[in-house]
Every structure is written in structure tokens, then in C-alpha cells.
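Consider the two complexes below, in which chain A is the common component and chain B and chain C are the respective partners.
Entry: the complex of A and B
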């Protein structure tokens, strides 16, 4: 089975090898090993980029392979982040609170500790007790389960409603956008139980490793993100190959025809959409401990649209395209907006890239859509001189028939 | 300094001799005036009356001034109103020489005196002989209250209005009689009506006898202004009370059920406040008490280390309580029993149940009426919001319906229109003129932008709707950022001409801003115009043909390319005009388009694609829905938007093609 998988996705070994080499290189140059050529914050940026690559693959599978342009995928990403953020914040506050109460003349009761934690966390929104959704926040295992369950269930319910009534194309895109907007608006409320627009903060402090320096933690998260990315890549490569992959691509190209062939289109779509949402949630759960803070702006509609932009620029319909797009655009974006790019002085007007980067991004996005629909990933077709992945299903089907 | 003082001060540098002469003259005049002053003391004049109360007038106190004013009012003398007013404003003086009261103006070292009864000049007096009478604030208020009855029949309408305002601000039982008396002579019908209402309000609160008050209250039940409502609520003001058993004589507003109307903790708190139960010991107090009584690492025989267990804490505290060191713990059971043994109720401050019943009925009636009008008001708001959504979405609906492409940059066209209006206002200072220029100019600018975008980008992406969506989104990011770079991040004003300020006020509840009416009218005009273009013109015919079947339309000699271009321009142009309209009542920022784009999508999707009526229905539904949800939950507009979007997501499940769905071949994907 492995051999078939690799034959259908020749990019897997290449991808894994490059990712491994990249990880080793970064680790060797990081501050954690004493070399210090890469700063801790840059390692964190790289680790975050890997998480973005993972969510981009998830997006690519729904959009590039299954033809569902979801403009709400960052909602799942954000929900994963919130789920893990709740535990991180709870556990860390618990340590702080127990520490400060240890000097009290009378040892605190469990209820007092609970109250003190709640006051500490929700003081900013004027509350002092835990909302119902924090019921499992004290247990890492249950919150990790939430990372998977919450985005998965949301996608399942939303997808079931949408696919069942055959909402497709542009309508579905708008609907997913509405979903993430509704979520963002809900989270912005102070009584949402997730600290309103303050969001969850201090997530970079991992409770069990309080004495471990951030340089080591950043490397650990970097590796975890890389591992998740590798697993995600292989998982999705498996999903989009074989007979299931053919059906999924068929749905993209002509949904009605696949339905007439007797396939249960809604089931396939729901499976892909939910799986992709779960992976997005996991990516988010790895991203936000590295970012340190999550707030409702992260799930605003614009974030999901940027995700679509990355995938489109990288080249949709190929997994490595999504990875390239996410890595390229997000790193380039932080280079430009971080003031890394040299400003251009035109004499009458000075182009400051912090102001003009978005204009450049928007216009180059238009250009890519118009002139290079295959994105950056399309360049590989020229170099590799082998049948494009879209041609692969024909061969697979022939094999399957034998 | 009084206004007359300036020319007088010019006289000061007169030669010394002249000054001496002047002083002698003044003395002579004062001497001559004395017999006249004595004459003024004849009975039946104001001066005589005041002399009867000389001490109280000269040094009025809050307690002593009452009888003076009562006598003054009873005397019915002509100068009383003037006297009261001047008395209040420190314009009355007492002459130490003859002990009489005068009105006076200071002129250098002397005062020109005027008779208190006739206000006619009676000579002068030296400054050191005159004492200005200065009533304190409390006295001035009493005088003002007495003055009201004169102001109520003042020939100047503004003075009468001011008097009525004063009464409604500070209602007082004494004002009732003068107010009632002034109604008959009131020439102004509006003011007469207001006076009648005020009389009813005063009678409702202070009237004599139950029947008068009930009648007054009943006459108030047809109103809905805030003032009437507050009068009725004041009659119904109730205090919470607690007693072991319900007292038979109290005018009880309502009985509070513990558990439903009142939480148990709250109920117990009231018992404690009424000294009917010992104060509860909070957990924090228990902890502090334990901490204060640690002896040799033990509290009440329990080692401190075990006190993290609530049961151990209770035990330790009980031991302390037994030893008498702390107050005994009030257990939950004690608390429940104490609460169960008492009745909690609210009692009216007003003793007469007939009055409170009448007030309750009247207030219910008034509030029901207010609620009906509020529904009307919300309805008007919803119509106004719907017309804004309609304007914002109709351009999108046209392009989406005809060409099947979603234009994500539509919001930025709205923004472009608004900035066009802003720029025009910088050039044309007259707001009305600039609006007349801005509307067509915004149309032209966004029409051109739309046509350019169609030619350069969208034309190449037909039959790839998802990619059009993304490409136009790229344009939207770029346009938004360019606007930010050119105009800055802060909001720019687009000022409405003065005739659009203000509001159309129907009554105390229903009011709508003129600008919203204007936007509604604009939306109506566009609805009519679009229907006319689509149904009555050659262009409309061709547009409809291309919408239904581009291939067939092409074979009939219609150029679909040209139609697409024009349609896109038209849709964008309308967005530009919508931008001017929205900019007039909201602020112009580079992000204003993004605020409307999702709502516009919703409107189009809910309404159904490619149909003006569908967009209208969608806009109406979303407008009514949003206002309706806000009405139920006014404090939280974010929640309202969340619920609305959830509703729309569900709505799409049941009508995936919108309210007005195209039928037949045109509906094919």
C-alpha cells in the first residue's frame, strides 16, 4: 500500500526529505544548541509557518481537490487554538495562584483556588467565575480532545446542513464566510466566556516546563509542527489518491456526473470537509502556543481569505503547492511588513513597503489568478517533465480496472 | 457692574469743589424726600404691607419668608410681581434713614431711589445709608415658586413656557391653584393644553381626596410622553420590605417569591438588613477567623495543614464558635429556614390603594401604547436599514445575476464613491451643491472603475466563478490599501447639507432622521430606475436576454461582451452612489466597504440571484431581522449580528436559491 501511495504521490519522499533536512538545519543553527545563528523569535516564526503550511494543505484538499472554496477555514484553526489556549491559560494561572496562596496562614480549599483562578483569568471582562465551556479546562487530555472535537463537530454540522441542501459554488463560499464572521462576532463579546477581544494570552508559557528556556521550547514546538505537517501531508496524500481521490476530484470537476454514477457525493464532501477542519484545528493548537496570544481577530473572515490566497499562489490541486504558497507568502509578508524590504525612493514619492505591500500582494494575486492559475507549484511541471498530478487519476483508474 | 455705571465713572475726575456741592445737594434732596416717604406708609400700599413684616423682608429666612409671601399674594396689589422678582434678584434696598424699602440704582457714592409701590423715582440717598437685601438660595427658591403664578399669566409667551418648565422640573402642591387659575386666560391653545396636563399631573400626585386624584390619573392615561410616565411611576414608587407575616394595613405592590423573584442569598441579605436574622458568615470571614485563632499550629484542635478540606474548616470553626471566640456559623439550613419564615414584598410609598390601582392601570395603558408606537419606530428603523442594504447590494445583485460573478471589490466601489463625495466637498464648499455634483460624479468614477475591471480582469475569468471571486478579492485588498495610503487611516467627514440634519418627529416615541428618509427615497428612486431600465429599455431587454441564455442572445445579434461590460459598469456605478449616501450618515474610512460587503452578500444570497425584487426582499428581510433581534436584545449589537448570520445560514438550508428563485432554464447552474 505504501508503495502505491508513493507511486501516486512521488512528492512524498521528496517533501519528507526536504522537511527533515530543513528541521535539522534549523535546529543546528538555533540558539538552543548554542550556535545562535537563528534567533528564538525567528525559530518561532518558522514553526508558525509550518503550522500555516499544514492548514494550507487542509485548505488545498477541500478546495483544490474537492472544489469546495471554504472561506471559513481559519475558524477551525482558531477554535483549535482556543481549545488548547484554555488549558494553557488555566494550568499556568493555577500554578501562579497556588504559589501565591501557599503563604496564606490557612491552606486554601479547592473552591478558593478555583475562584482565585477564575478571578485572575476573567477579571479583565468583569467576571469572576468559570463559564460552562471551561468545564474541562483543567485537564490537558480532555482539552486535546476538544482540539479535535470542536472544529470537527462544527464542520460536521455545518457541512451536513450545507451539503445536504446542495449549496454549492459561490453560495457555499459566502456561507462559510458568514460562519467565520458569526464566530468572530460571538467571540468579540465579553460574555462569550473567552475573554472577548482580550483573547487568551501568555500561551507561550508551557506549564510543565516552566524552567525550560524559550529557545528550547521553540525548538520543541518547531519539531512538533514539522511532525504534524509531515503526518498531515502523508494523510492527505493518502486521501487524495486511490479510488477515493478519484471520486473527490470527480466531484470537483463535475459533481452532478459523479452523483449520477452512483456515488454518495454528500458523504465524500462531508468526510473531506470534516477531516480538513480537524487538521486545521490541530494546526491551530500548535500555532498559538508559539504565537503566545489568540484573539477573535484571528478568526475574522479576512484571515480565511488570505489562506485561500496562499493556496492559490502556491498552486492548488497539489499538496506541495499549498505548502510552498503558505510558506512563501507568509514569510514574504512578514519580511515586507516588518520593514525588511528596502523602500524605493521615486523622487516625488517614496514607496514604503509597510504601506504598499498589501497593494503588491493584491495585484500579484490578481496576476497569478489571470496568468498562472497553477501558481508557483506549476513551475515544477516545467522542471520535472512528467505528467501533471491531475493526469494521474487516468492511470490509477486503468490500474484499478485490471 | 451694572450697565449704567460706566458713564458715571467718567464723572469721577470732576473738580473737588463740584463734588462737595453735589454731596450737599444730595443731602438736601434726601431731607426733602422724607415727608414723601412717610406718606408712602399709608395703609393699603405695598410699602405699608412690607413695613408690617419689615424684619422678615430685610433679613429673610426660609422659615420666616412664608407668611410674608402669603400676605403679599393675598393683598392682590399691583406691584407685588415686580417686587418679588427684584427681591429675588437682590434689587431691593432698605434705607437706614427712614427704614423704608426702595428699589435703587447705584450712581457713584449715591443711590437713585424709586418708590416700592409705584416704581417712580423719589430722589437719592448716600451709599452708606442703603442696605442691599440678599436672600439666600433657599429663600430665592421660595420666592421663585411664588413668582410662578405671575409668570404663568405673563404677556410674553417665552416667560410662560419657562414658568411651565420650572413647574415640571420641580412640581410642588402650591403651584396647583395658580396653575389652574391661569388656564382660563391662556390665549395660546398649545400652552393651554400643556397647562391642563400639568394640572392633571399635579393633581394626580398632590390632589385632595382619592376621587380627585383617581380622576386626574385616569385623564393621564391617554398620554405617552416621558413626563406623564415618570409622574405615574412616582405614584407607584415602592420600597421592598420584609416581615414575619404580611401586614394587613400595608398597600402592597407585590409579594416576592423567594426563588423566582428573589434569590435566596439576596433574600437573606434583606433579612439581615432588617435586623431579623444574624449576618451570614462568608467563607472569607470564616477563613480570616480561623487565621486569627491559630494556636500552636492548630485551630480548634484541628491541625492547620488539614484546613484545605472544607469539612475540616467547618469543624474547626464550630469548635471556635462553641468556645465563644467567634459568632456561630449560619448554616445553609438556618438560612433557608429564616427565609421561609418571612414574607418578602414591596410596599407602595402611597397609602391609598385606589390611587395606586388607578395609576397602575393608567401606566399599563400608557406603556402598551408606547410599546405599539415603538414597534412602529422599529419598523421605520428597519425600513431605513433595509434601504441602505438595498442600495449597497443592488449593484452586486445585478452583476451576480447577469454574469454569475461575485464581485468582492464591490465594497471598495462603495468606499470609492464615498471618497469621491469627500473630495468634491473639499473643492465645492457649499454642501447642497457639492452633493448635487458628487452623486453623478461618484457614479461616473465607479462606472469607469467597474468597466476597467471588467475589461482587464473579469472578462478573462468567465465560467470560473470561484476564481473571479478571488481575483476581485485581490483587487479589493489593493484598493483598500491604496485608499489607506492616500487618505490616511482616520475617518473623513462627508457632511450632509443642513436641510438633511434634524429628524421627522411624529410623537414622543416615533422619530426618524431626515438623512434616513433621504436614503429611503434614494433607494426608491433606484428601484424604479432599475425596473425601468430592465423592463422598458433596449439595454434592459438585452441584459435580460444575456442573463437567461448568453449563447442564444449572442446568436440573436446581441453582443454579450458589450452587455456584460455595461452591466458591470452599471452595478459598480450604483455602488458609488450608495457610497455617497452611506458616507453621509456614517463615516468615510478605507474599511467602510468591508463593513457592508458581507451584509450585501447576505442580501443577494437571501433574496435570490438576478432579480431586483429578490434583492428588495432580501434587504427587507435582513433589515427587519437585524432590528428585530436588536429590539429583543438592545444591549448587545454583536450578539444581534451573530444571531442574524446564524439565521441566514439556516435560511439558506431551506431556500438554497433565495426568496425569489429564477425558474426554468435560466436557473440552471
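Entry: the complex of A and C
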């Protein structure tokens, strides 16, 4: 089976080899494990980029392979981040609170400790009690389960309602935007139970590893992100190959025809959408401890649109295309917006890249869509012996056939 | 001969236009039946109703020995119950290879988890090879379906119908765009299929229908105008007036 999988996806060994070499290189140059050429913050940026690559391939499977243009995928990513963030905040605050109460003349009761933790965490939004959704926050195992369950269930319910009503195309995209917008608006409220617009912070401080320097934690998370990306790549390559891949691509190109072959199209869409959401949640759970903070702006509609832009620029309908797009554009983005790119003084006007980067991104998106619909990944077709299956703009054709 | 499919009193209208008007129809298994009629007679709508794409306003559509109502089933359930359809315009998955197109149609469990676990077997490869030989696409299995000629796409879609192994085949204008030799081959194939299956052929071409040599149903304005052998219906005064006489 492994042999069939690799024959159908020749990119797997290449991808894994390049990823392994990249990890080795970063490890050798990092502060904690190598010569220290790369700063800890840059290792974190690279680790975060790997997580973005993972959510990008999840997006690509849904959009590039199955034809569902989800513009709400970062909601699942953010929910994964919130789920792990709750445990990180709770556990770390618990350690601090018990430490400071240990010297009190009368030993504190568990209820007093609980109240003190709640006051610490929710003081910023004027609350001092744990909302119901924090019920499992004291257990790492249960919160890890939430990382998978919360995005998975949201996708399952949302997908079931949307696909069952045969909402497709641009209408579905608008619904997914509405979903992520609704989530962001809810999270912005102070009484949402997740600290409103403050979000969850201090996530880079891992409980029980307080004495471990960030340089070591950063490289550990970098490796964990790389492992997750590798596993995610192989998993999705398996899903989009063989008969399953045929059906999924068939749904993208002509949903009605697949139905007349006897396949329950809604069931397949729901499967792909939910699996993709779960992987997005895992990617988010690895991303936010490296970012250190999560707030509701992370699930704003624009974030999911960026994700679609990355996949489009990288080349949808091919997994490595999504990886290239996410890595290339997000790194370029932090270079431009982080002041890395030199501003251009035109005499009468100075082009500041922090302002102009979005214009550049928009222009390159338009250029890719018009002149290179296969994206950057399409370049690989020029060297590959067998042309990869194209992400034909077949939706319009299918609609015309109806 | 027990009937496999039975429609009775079926009517459907779109925006006030009665596409199907109190239509009754039945077909047994095995049987070959041709449906003819002028444009707008309701031939395609008839197929849409049977395959679940269109829901009738009134009437019954019963299927099989247990007389299951098809009106309660979804398109995919109807297809799994054993009704296969070939569209008028060849509709194949153009971005995929001929082999993938046929494999997707092959009779096999259809649930997402079943499909995920499914890997090619020798039996399925043999079946695909046999169908490819039948439809004359043996050398084209690795080709992308979008590269095929119009006639080859017609054949591929017929092959997909064979792979599904349905009990009832609904075939919409199978001979359109085919050469005379290919037409003869199609006629043979349909006749052979009708030895074991129920086959409904919608066709405009009278010569083609004549060569099928089967019972003919003439549709007009959404209901059955005449039924019987081709010679019988072509002698019918009403049929001559509305269809042949023009």
C-alpha cells in the first residue's frame, strides 16, 4: 500500500526529505542546539510558518481537491489555539497562585486557589469566576481532546447544515465567512468567557518548563510543528489518492454526475470538510504557543481570505503548492511588514512597505489568477515527466452542464 | 413479466409549463424500450424524474419487486438501487483518466469510509479491462478523459454505465455524434444488454430506433401518445400529425 501511495504521490518522498533537511539545518543553526545563527524569535517564526503550511494543505484539500471554497478555515485554526491556550493559561496561573499562597499563615483551600486563579485570569474583563467552558481547562489531556473536538464538531454541524441544503459555490463561501465573523464577534465580547479582545496571552510560557529557556522551547515546538506537517502531508496525500481522490475531484468538477453514480456527495464533502477542520485545529494548537498570544482578531474573516490567497498563489489542487504558497507568502509578509524590506524614496512620495505590502499581495494574487492559474507549484509541471492533475476551473463547466 | 419500473399519473410543471402531464409508463426486466417524441415532449424530464433530479408534483414512481417509491429516495440512493443514466451531452470527469472514470463507476460500496479503504484489486482491474475492450478504449485507459473525441466520450460514458451494472439503464441519445459503424456497435451493445437488463433509450434518429427493433413509446406534451412496435406507432394518425408529419 505504501508503494501505491508513493507511486500516486511522487511528491511525498521529496517533500519529507526537504522538510527533514530543513529541520536539520535550522536545528544546527539555532541558539539552543546549534551555532546560534538563528535567533529564538526567528526559529519561532519558522515553526509558526510550518503550522501555517499545515493549515494551508488542509485548506487545499477542501478547496483545490473537493471544490469547497471555505473562507472560514482560520476559525478552526483559532479554536484549536484557544483550546490549548486555556490549559496553558490555567496551568501556569495555577503554579504562580499556589506558589504565592504557599507562604500564607493559613493553608489555602482548593476553592480559594480556584478563586485566585479565576481572578488572575479574568480580572482584565472584570470577572472572577470560571465560565462553564473552562470546565476542563485544568486537564491537559481533555484540552488536547478539545483541540480536535471543538473544530471537528463545528465543522460537522456547519457542514451538515450547509451541504444538506446543497449550498455550493459562492454562497457557501459567504456562509463560511459569516461563520468565522460570528465566531470573532462572539469572542470579542468580554463575557464570552475567553477574555474578550484581550484574548489569551503568555502562551509561550509552558507550565512545568518554567526554567527551560525559550530557545529550547522554540526548537521543541519547531520540531513538533514539522512532525505534524509531515504527518498531515502523508494523511492528506492518502485521502486525495486512489478511489477516494477520484470521487473528491469528481465532486469538484461535476457534483451532480457523482451523485448519479451512486455516491452520497454530501457525506463525502462532510468527511473532507471535518477532517480538514480537525487538522486546522491541530495546526492552531501548535501555532499559538509559539506566537504567545491569541485574540479574536485571529479568526476575523480576513485571516481566512489570506489563507485562500496563499493556496491560490502556491497552486491549488496540489499539496506541495499549498505548502509553497503558505511558506513563501507568510515569510515574505513578515519581511515586508516587519520592516525588513527597505522603503523606497521616490522624492515626492515614499513607499513604505508596511502600508504597501497588501497592495503588492493583492496585485500578485490577481497576476497569479490571470496568468498562472496553477500557481507557483505549476512550475513543477515543467520538470515533471507526468503532468499533475490540474485544478481545472471546472466548476463553471459543471454549472453550465446543469 | 413483472414490471421493474412503474410510473402512474405523474405530472410536473415548471413555472406553469406542464412538462409532464399525467404520464403513465412501465417497463419490465429484461426489456428494451425506445422513447421518441418531438422536442419538449418531456423525454429528458422523464429521466430526471426517474433518477430523482426532479420531483413530480403528483403521481407515483414505483421500483422493483417490493414497489419502493423512488420519490422518497435521493439521487445517489436511486443510483445505488440500480438505475444508471447516460446523459445526452457526454458527461465524464474530464480532468481524470479513462481508467479513473471507469473505476469510479464500478459497482462497489459507496460510503466515504468504504471508499477510503478501497484499493485496486485484480478483479476490478480485469473488469475495467473488459469494459474498455467492449467500448474500444483499451489503449486509452491512461489518457485524460478531456482529451478524448466526442464519440469516445460517448463510449466512455456508456462504459461507466456498464461498470455500474444497473438493473435499469436510461440512455439519452447514445448515437449522437457517432459514425455509422459506431452506431451499429451501439445498437448491438444495447440489444445485448437488454437480454438481461431493462434498457430505456431516448432517441431522435428513426433509423436507429428501427434497428433496435423494440417496443416504442411516443411522448407528446408530457404524456404518452402511442405505444407499440415502430410500424404500429408510425401508422398512428395522431403520431403522424404531431411528429412525423412535420
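As a working rule, the second predicted complex is superposed on the first by the 386 of 402 C-alpha atoms of A that agree within 3 Å, B and C clash if a C-alpha of one lies under 4 Å from a C-alpha of the other, contacts with A are read in each partner's own complex, and residues count from 1 in each chain.
In this text, a contact is a pair of C-beta atoms (placed from the backbone, for glycine too) under 8 Å apart; a residue touches a chain by one contact, two chains touch by 3 or more.
Predicted, not measured: the structure shown is a model, and the values here were computed from it.
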item: Clash or fit (per the criteria above) of chain B with chain C on chain A; value: fit
item: More chain A residues in contact [chain B versus chain C]; value: B
item: First (chain B), second (chain C), both or neither touched by A:103; value: neither
item: Inter-centroid angle chain B-chain A-chain C after superposition on A [Cα, multiple of 10°]; value: 100
item: Contacts of A:358 with chain B and chain C, given as first, second, both or neither; value: first
item: Which of chain B and chain C A:165 touches, first, second, both or neither; value: first
item: Partner chain in contact with A:4 - chain B first, chain C second, else both or neither; value: second
item: Superposed arrangement (fit on chain A Cα atoms) - minimum chain B/chain C Cα distance in Å; value: 6
item: On chain A, positions contacted by chain B and by chain C; value: none
item: Residue numbers on chain B that touch chain A, as the complex places them; value: 283, 287, 290-291, 294, 299, 304-305, 307-310, 313, 400, 406, 457, 460-461, 465-467, 469-471, 473-482, 484-485, 594, 598, 601-602, 605, 636, 638-639, 641-642, 645-646, 648-650, 652-654, 656, 669
item: Residues of chain C touching chain A in the complex; value: 51, 53, 74-77, 79-80, 84-85, 87, 89, 91-96, 100, 103-105, 108, 110-113, 115-116, 118-120, 146, 160, 164
item: Residues of chain A defined as touching chain B within the complex; value: 69, 104-112, 158, 161-162, 164-171, 173-175, 177-179, 181-182, 185-186, 188-189, 301-302, 305, 308-309, 312, 355-356, 358-359, 361-366, 369-370, 373
item: Residues of chain A defined as touching chain C within the complex; value: 1, 4, 239, 242-244, 246-247, 249-250, 253-254, 256-265, 267-268, 271, 389-390, 392, 394, 397, 401
